[in-house]
Structure formats: structure tokens, C-alpha cells
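Have a look at the structure below, then the notes.
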Amino acid sequence: MNRLQVELPGLNLKNPIMPASGCFGFGKEYAQLYDLSKLGAIMVKATTLEPRYGNPTPRVAETPSGMLNAIGLQNPGLEKVVSEELPWLEQFDVPIIANVAGSETEDYVAVCERISKSPNVHAIELNISCPNVKCGGITFGTDPAIAKELTQAVKAVSSVPVYVKLSPNVTDVTAIARAVEEGGADGLTLINTLVGMRFDPRTGRPVIANGTGGLSGPAVKPVALRMVYEVTSSVSIPVIGMGGVAEVDDVIDFMSAGASAVAVGTANFVDHFVCPKLIDALPGRLDELGIGNITELTGRSHRL
Amino acid sequence: MNRLQVELPGLNLKNPIMPASGCFGFGKEYAQLYDLSKLGAIMVKATTLEPRYGNPTPRVAETPSGMLNAIGLQNPGLEKVVSEELPWLEQFDVPIIANVAGSETEDYVAVCERISKSPNVHAIELNISCPNVKCGGITFGTDPAIAKELTQAVKAVSSVPVYVKLSPNVTDVTAIARAVEEGGADGLTLINTLVGMRFDPRTGRPVIANGTGGLSGPAVKPVALRMVYEVTSSVSIPVIGMGGVAEVDDVIDFMSAGASAVAVGTANFVDHFVCPKLIDALPGRLDELGIGNITELTGRSHRL
Amino acid sequence: MIRNERMEVVAQQEIAQNIFELVLKGKLVEDIGTPGRFVHIRTTDGFDPLLRRPISISSSDSGEGTMTLIYRAEGKGTSLLAQKTAGEEADVLGPLGNGFPLAPAKSGDRVLIVGGGIGVPPLYGLSKKLKAAGAEPVHVLGFQSADVAFYEEEFSGLGETHITTVDGSAGTRGFVTDVIRQLGDFDLYYSCGPIPMLTAVSDMMEGTEGYLSFEERMGCGIGACFACVCHTDANEKGYVKVCSDGPVFRAGVVKL
Amino acid sequence: MIRNERMEVVAQQEIAQNIFELVLKGKLVEDIGTPGRFVHIRTTDGFDPLLRRPISISSSDSGEGTMTLIYRAEGKGTSLLAQKTAGEEADVLGPLGNGFPLAPAKSGDRVLIVGGGIGVPPLYGLSKKLKAAGAEPVHVLGFQSADVAFYEEEFSGLGETHITTVDGSAGTRGFVTDVIRQLGDFDLYYSCGPIPMLTAVSDMMEGTEGYLSFEERMGCGIGACFACVCHTDANEKGYVKVCSDGPVFRAGVVKL
């Protein structure tokens, strides 16, 4: 019995730790550092129908215990992802969660239909919340009705379960969560980044060329934990939690708050071995906490 | 000529630096440390109609580069504030901004009418955004129509200009800003805290007794700057910016983003002399930047 | 007067497992006065960890201009503090809080002093002063186990000293109350430690004048933020602030 | 192989105003190979500052197992790094990036090496290797002023060395291009420094084979996050990543 094992729609995870989308490319770079088969899953970089160059640089800026990014969904486009990136990942024994972005429903549908047929793609992560792209993304993520329709459209064509990635930049995250659950989502992932800015005090100009960027890292963890807690109180589909995870107790906290698994984004830039380290640290920490299987942690705080 | 001077509705500020509400009590404690007459203004602790004990403890928890609080608006109530706290502050040459909270329109109106007659109260800060109080606050702060009505009601009775304090926990902060501007607000202050949680990994329980708390400190600065930028792009009343200010360049950044003055909250707990230090550091920094009067900074990033 | 001073680290050593004794030098020491007050320490110049850490003043030497703190290095802040070595500086705000009142102790009084774990440090400075004032301090100090126990010798130098450990690895096995039960009557008592211990001690000593030192999560440390309030027994809405009204309260004031 | 190693600080000294020379020892040095590669350094164990700092390897000594970095302590991260003293550790990821190609330099070639400010360090290791390969390096190093200039002697030991400063406080007053203009023809050139300098140098050297080292804000430092892309001249959507495709590119590849 593997006490770290977690079963989710479409995903049989060796452990609940996976790199978050956009922080791990399509795996090639981190594969130089460690064996990707160790990971619970991999959320690969957002894929769009056409290749995208993304935003001008600077695209990142450091903030206290966090960072801003406005990459702008740079990616090689559906064709290349399906013909090169995903097949390359097949050498590893790890399920892939394909993050899908677009500007219109048709884009999303086209990408999901095709990418969900790739043999190692076990789930779709529907990115309706990317704050760094001008049109589309943001309305999908902030309007419950639109989010629900998109979910339905994608569910109709996807060959694998669909997880919808929620934006934290909303008044009531549970309203969106309930809407996409009604739309047929198999699970949720949250949070994406908080919209933020930084300025250059010398010039008064924004540091990020795009003006605004998405805030991530330990700074946002309290907001992420609160939203995971709220969302898991109001829907019954499973949640993959993320936002500032960097230490083993962060994994414990996200699961206590209600998450079934945990994604790690920014921390991969700070400690490039953070994912395997978390996986290695979990059994010992479970022992200290007197927990047998990690699944017992999920939603613990709701049951107190 | 005082190059740090800033003129705002009801407020003639020696300098743009003021302690934020709830982080400075009614001034007595910090008066042991330095002369309060140095400050541009003081935003005193939220006042409610009746005395409030607030939430159970623990009420604060540390987070990466930030903190959560759920004080729950503990305060001695209108009568005592008006008869004891405010008169005590009259010995200092500093305008007071009275932060007013309530659960219903009638509370707000009653407190504003009375407190605005105190001789040293030069402005009201209408707290429609406190995330730590169960009823009231949060709806006032997240619904544009309700926020507008409340503003109108308070404006009708207040003897001094009214600044409305905005919540960052909304999808579109500019919608609330425009609504309260239409309601007659003389100015805006932002941001209040972001709703967050922290858990105790040993037990899975929230660390803050109230469950959720408000996130403040340097961690939230990127979100605060973005909202100040957005709001000052869409209204024409002045904004007092806050959220994570701790260093002189934070003051520069908030003003570049559009703020006319800046409030300092959490940083008062980290460096108890931060306000006078910022005030002393500003002239030198303006020299370095080649800026004559500090008012030239306001909204600089919008003009680039 | 409350100062914010970059104090000089004179010495730091680990005196038990993860328990550090830190000697700091600076002007702030001049104003300490009574034992039981505390300081608020910033452990990094950055913003993580953000908040100051409240640590009791264990003892002070106004001649040398030094004070001694004893603390457990556990979380982020105290672990950083434990890395400081002689010659470096520490960012200290203080002295803060009220401290233990000495006036109630008359010469010849038999005074019970009860400490639990990391609540023990401020009682050392207290006991020294009581002894100097002619009182007879009797110490009961409770620890988890022998490896985290400290200052037994120092307290023994001042008066009768009993150690208890939960696992029996030093002194009597059990809790401080097991020992106190056997020590007869006292004119006065002082205690500092975890809430369950304070409750047990004050229940047992009911009828005797006593002073308890409390801990609560703090923001400002000076009374401005209302983070550290405790209900009083007086009435529903009554409260005190641990940082500025306390940390020491007469037994019975704070609702336990 | 890319390692994440806690390397030993062998020495650190300030060699010009706010310019530090840091010598680190560890296994990572074994894999450096070509000059011009960089390392990514975490400057605190906490989360503020959060990101690693990219710093070029100035030179390395595989016998000693050490490498030397030269950097300006300016912001939060580099200021923390500058506080490290011999015997402490630094958290280093590397070696990263491609480095300068040595193959194009033939024995006897006259090679121009142009550095600007904090772009100068990696050129030192490069020049040593070129010299060892029998080429004749000619250095033109531009600084703001004399007090932030460094390594003039070291470069002079390897070949003809010209210093320029903006304020004329050392060497020729003006920019590197003012000097290069007078140095005649070269077989090859290498340059590292601010973008305006790279632009001016590559314009002036048009027609000569050259290699330029770029800087861009980084997230991961290994090619995974797309933070550090630059447009290429090739086509609209073409790009390279400074961290993993670079930081060194043949002149003309990156759109300036």
C-alpha cells in the first residue's frame, strides 16, 4: 500500500505533488535535474490553438515573498505540443494534466478535443483565469454563466476528465466553482495568480512591460488557502490546491483546507528540487502527525 | 514652501504619511515613542456605535511577508471615542481621519453625524470593507449599489468630507469606486485587507480563532498598487493608498500609481518609528529623483 | 522610556536542547526596572519573518548595561535569532509591559515561584530581586524532560528548588502541582508558563495573593492593535491587553 | 550536469565601490567547462527576497575546485550575498547557460574583448582561455567612474587593456566605442555589458564575427518559465531564451 496515493477523476496519483502549469514548461528542463516519474503528475504549460510569442519583457518582477509574471501564455501551439512535447513526456511514468487556454470558446474546444486524445494526457486543466492575456481569459474566469457554458462545451468534446482552474480575482469564488460544477467539471484547480503591479521608483513606470502581472509565491498562500477552504465547503468535486506551496507543511495545510492534491509553482524557481523534496518529506511528516494515508488529511479542518 | 505638503478635501497635510486605521489605536501608544504632530494625519481605530469586544484570540498570525488579523473592530464605542479619545488627541497639531464601521446604514449614519463634529476630525473614512465582521461590512463593500446608497446617507449628515475605504476582495474595484464617487464621496482609501487563512499543520485547525483573517503587509503591496492604479484611472476624486507600505520607495510607488497620500499599517508593528522615518527620508529621495514638490509624483505613471 | 535599539550581542550559547541564552548590551537596559518585562525583537532586516518576537527579560545587569534573554529556537524567527553571534547586532524594542510587582513581598515572606518550560526565564530575575529584598523564594520548575531543562543551578543558588519533568528524566516525574502540594503554605506566589499550568497553580493557591504572567500572540507589542486581549473576570466586555496592561496580572484578573 | 549545491565561501572582498569578489568552492566547479556561463544564487533561506540571482562565473580553477564571481551589491539579494564571509555557505544552482564559444578563436587571432560595468567579469575567464589558446586578446573595459572600476591589472596581465570612464576619472573619458574606433581590425570579438553598449559595439564591428552576452530578468534560470526570452532577427515569432539558449549569442541572432 502506498500511503501517498491519491485517486482523482482520470488521475491515479503516486503522490499528491505536481508542478503547476507554466512553472515547469513541458518538463524537459527539470528532467535534467531529476526523474520526472517521481512526480504525482505534471501540469504542463498552457497550450493554445496557435503558437504564441507572449508579452514583451521584462515579464517577471520580484515582490516581497512573491513574484509577478506576465509571460502571456507563450507556447509552441497545439500542433507542436501534440506532436513533439507530449510524446517526449511519454518516456516517464507520470500522468500529464494539459493546461488549455484560449480567447474564444471555439479555441478552447478545438484544443481540448485534440489534446485530450494524447495517450499520456489524463486530464485537462481549463485555464479560464489567466490574468495576463488581454481578451477572453478574464471574462471566462469571472462570470459564472460564461464559465459554466465553456465547461459544458469542453466537456462535450474531451476524452478525459476536465478540471477548471479558478481565478482568485473575484468577489465570490464559490459562485464560479458552483457554476462550473453544474457545467460538468470533474474537478477544480485553484488558485491562479492575483493581479498585481510593481513600479520602478526612479521612473514611475510599471516594471512588468505588460503593466500588470500575476502575483504568485508564498505571499499569496493565505488567500489560496482561504479559497480552497471556501470552495471545498460549497462543491463536491475534488480540488487541486495551489498558491505559495514551498514546504511540507504547506502541503498539509492545503489538504487540511480541503484539497485532494497540491500543485507547486513558483517554488520550483527558488528550490529546483522542491517537488521531489516534498514527496520525500511527506511520509515522515505523516508519521509525526499520526496520519496513516495522506487522503485522511483532505478536508480535515471541515470536520473539526 | 513645504514641498511635502498635500491638500485634499478637508485635509491640509504637512506630508502625505499617515498611520492606517487599526494599526495605531487612538495614538496614545505611539505618542510614547514620538511626537504625533510630525504625522500628515492619523487614521484612528474603527469606531462603532456601541463598544465592541471583538473576536476571540488568537487574532493575528504571521504569513510570508505579511500577517492575518481578525481583531473584529474592538473599540470603546462612539461615546467614549468622542468624549475621551479624540479630545486627548487635540494636544497634537495633526488632523484626524475617523474610521467608521457599522452593521447597518443607521449605525454608520449615527456615528458619522456625531463624530464628524469633533473639532479635530477633519475627515471620515467610511469602512465598508472590514472582512472580519460577520454581518454588514462585506456586502456594503462588494455591492456597488449598496455602497453608493450608504455613501449618500453618510454624506447627508457628515460635517466633514467623506472618504470611502474600498475592499480588495472584489472582481472589479473600479465599479465600487465609481459608485461611491457618484454617491458623493470626497475621496477614496484603499486597500483594506485581503481575506486569508492559515492553518496549524499539527491539528488542521485555522490559526486565527475567527477562521479567516485579513491579510496585510508587504505581501499585498502588488495587489494594492494595481488597485490604486486602476481606481485612479477611473475616478476623479483623490485616493489615499495603502497596503504594504514600509520603505520610502513604497511611498513613491503608491503616488506614482495615482495616490495623493499614503497610509502605513502593518509596518508600524515591524518598525515602530516607520512613519517619522518615512517623512524624514522623503525630501532626500525627492532630490535624488529630481522632483520638487511631492504632489508632482501623484499619478506620474498614468502620464508616461 | 521605550527604545528601539540595535543592541550588541555580547554572548549567545545553547544551554539546553534548542534553548538559547542571549546576552545583549545597550542603553535600553537602563529602563528595565522591575523583572518580568519583555522586549520585542525583529529577527531579520527583510520581511520574512515579518513580525517581532516577544521575549521576556530573564535578568539584567545595570552595571554592565546588559540583559539576558532565554528562549527556545523553534519557528522561523527564533531560529534566525539563534544564529546571531557575539559582535553582531539585534534590533530590539523595549522594555515593554509591566513586569512582576515586588512590593507585595515583605522581608521574611515565603514566596512560591512556579515556572513551566519557556516560562521559567523571567522568574530568575524576579527571584534574585525577591531574595535581595529579604524574602525566601521557593522554586518549582516544570520541564518536558531533562534535555530541555535549564538554570537549575542558578535557581538553587537563590533558594530551595524543585524540578519536575513530564517523563521523569530529571527531578520529580509529573507536574509542578504534584510538588507544590507537598510544600506547605506560602505568603505569596508568582507563576509564568502555559495556560493549563497557570490555571492549575492558581486553583491550588486560591486564597493566597499571586501574580501570573501571560502569553498571547502579538502584533504591535505596545497596546495599539488589540491583538493580545484577554477577557477579565470582571464583566462580559471587560478586557486587558497582555502587552501593555500585562504580561503580569494579579491572579483572578484574567479569566482562565 | 546542473547541481544545486551549498558551496563553501572561501573568500569575499570588496574590490571596488560596492563591487564584490566572491570565491566559492564545491563540486559544481567540475562542470563549468567554457567561460561565460552563470550560476543562480539563493541569497536567503527565507522567502524575502524570493528569487535566485543570476551571476556570471568570472573565472574558475578546477584544480582548487573554486570559482570566482564578481558582482555589484545593489538590491536586496546582492546586498545579502555581500554579507557572507569565509566559512559560510551559499546556495548555488549551476552551471547554467551556454558560455562563450572558444572554437572560433584561432591561434594568433587578434580578438577584441569589450566589457561594460558589471558585464566585465565573465570576460576575464574568457580572455584567460583565449590567451592560453594562443590568441591575442585586446581589452576595452568601460566603467562609470574610477571608484567602480576593477580588474584592470588582471586584464593587463593577459594583453593590451584600455579603460574608459564616463566621467573621465580613469582611463579615457567617454564610451568603449570611442576607443575601439582607434584600435584597427580584429578577427573576432566578444562583448558583455548593457544593451546600448552591445548595440553600439555590434554596429561598429559589423562584418566581423562576434559573440554577445545578454542579461534578462529571470524566473527559473533553466529554460522552463519563458521569463527571459528575446526576439530573434529571424522572424516575428522567433525567440531565444537567455538562460538556456544563451546568455551568449552570435552577433545578429538577437534583435537589438
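For reference, chains read A, B, C and D in written order, and residue numbers begin at 1 within each chain.
In this text, a residue touches a chain if its C-beta (ideal position, glycine included) is under 8 Å from a C-beta of that chain, and two chains touch if they have at least 3 such contacts.
Chain identities (UniProt): A, B = Dihydroorotate dehydrogenase; C, D = Dihydroorotate dehydrogenase B (NAD(+)), electron transfer subunit.
This structure is a prediction, so every number in the text was calculated from the model and none was measured.
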{"item": "Given chain B (Dihydroorotate dehydrogenase) and chain C, the chains that contact each of them", "value": "A, D"}
{"item": "Result of counting contacting C-beta pairs for A-C and A-D, higher pair", "value": "A-D"}
{"item": "Inter-chain centre distance, chain A (Dihydroorotate dehydrogenase) versus chain B (Dihydroorotate dehydrogenase) - centres from mean C-alpha coordinates, in Å", "value": "34"}
{"item": "Centre distance in Å when chain A (Dihydroorotate dehydrogenase) and chain D are each reduced to the mean of their C-alpha atoms", "value": "36"}
{"item": "Separation of mean Cα positions, chain C and chain A (Dihydroorotate dehydrogenase) [Å, integer]", "value": "46"}
{"item": "Euclidean distance of C-alpha centroids - chain C vs chain D, Å", "value": "54"}
{"item": "Multi-chain contact residues (two or more partners), chain C", "value": "47-49"}
{"item": "Where chain B (Dihydroorotate dehydrogenase) touches two or more other chains at once, by residue number", "value": "63-66, 217-219"}
{"item": "Overall pattern in which the protein chains touch one another (line/ring/star/complete/other)", "value": "complete"}
{"item": "Residues of chain C defined as touching chain D within the complex", "value": "44, 46-49, 76, 80"}
{"item": "List of chain A (Dihydroorotate dehydrogenase) residues in touch with chain B (Dihydroorotate dehydrogenase) within their complex", "value": "63-66, 68, 142, 169-171, 194-199, 201-206, 212-213, 215, 217-223, 225-226, 229, 244, 249, 252-253, 256-257, 289, 297, 300-301, 304"}
{"item": "Of all residues in chain A (Dihydroorotate dehydrogenase), those that touch chain D in their complex", "value": "22-25, 28-30, 32-33, 45, 51, 53-54, 57-67, 69, 71, 74, 217-219, 246, 266, 268-273"}
{"item": "Residues of chain C that touch chain A (Dihydroorotate dehydrogenase) when the two form their complex", "value": "47-48"}
{"item": "Chain D - residues contacting chain A (Dihydroorotate dehydrogenase), complex", "value": "1-2, 4, 42, 47-52, 93, 216-231, 236-237, 239, 244"}
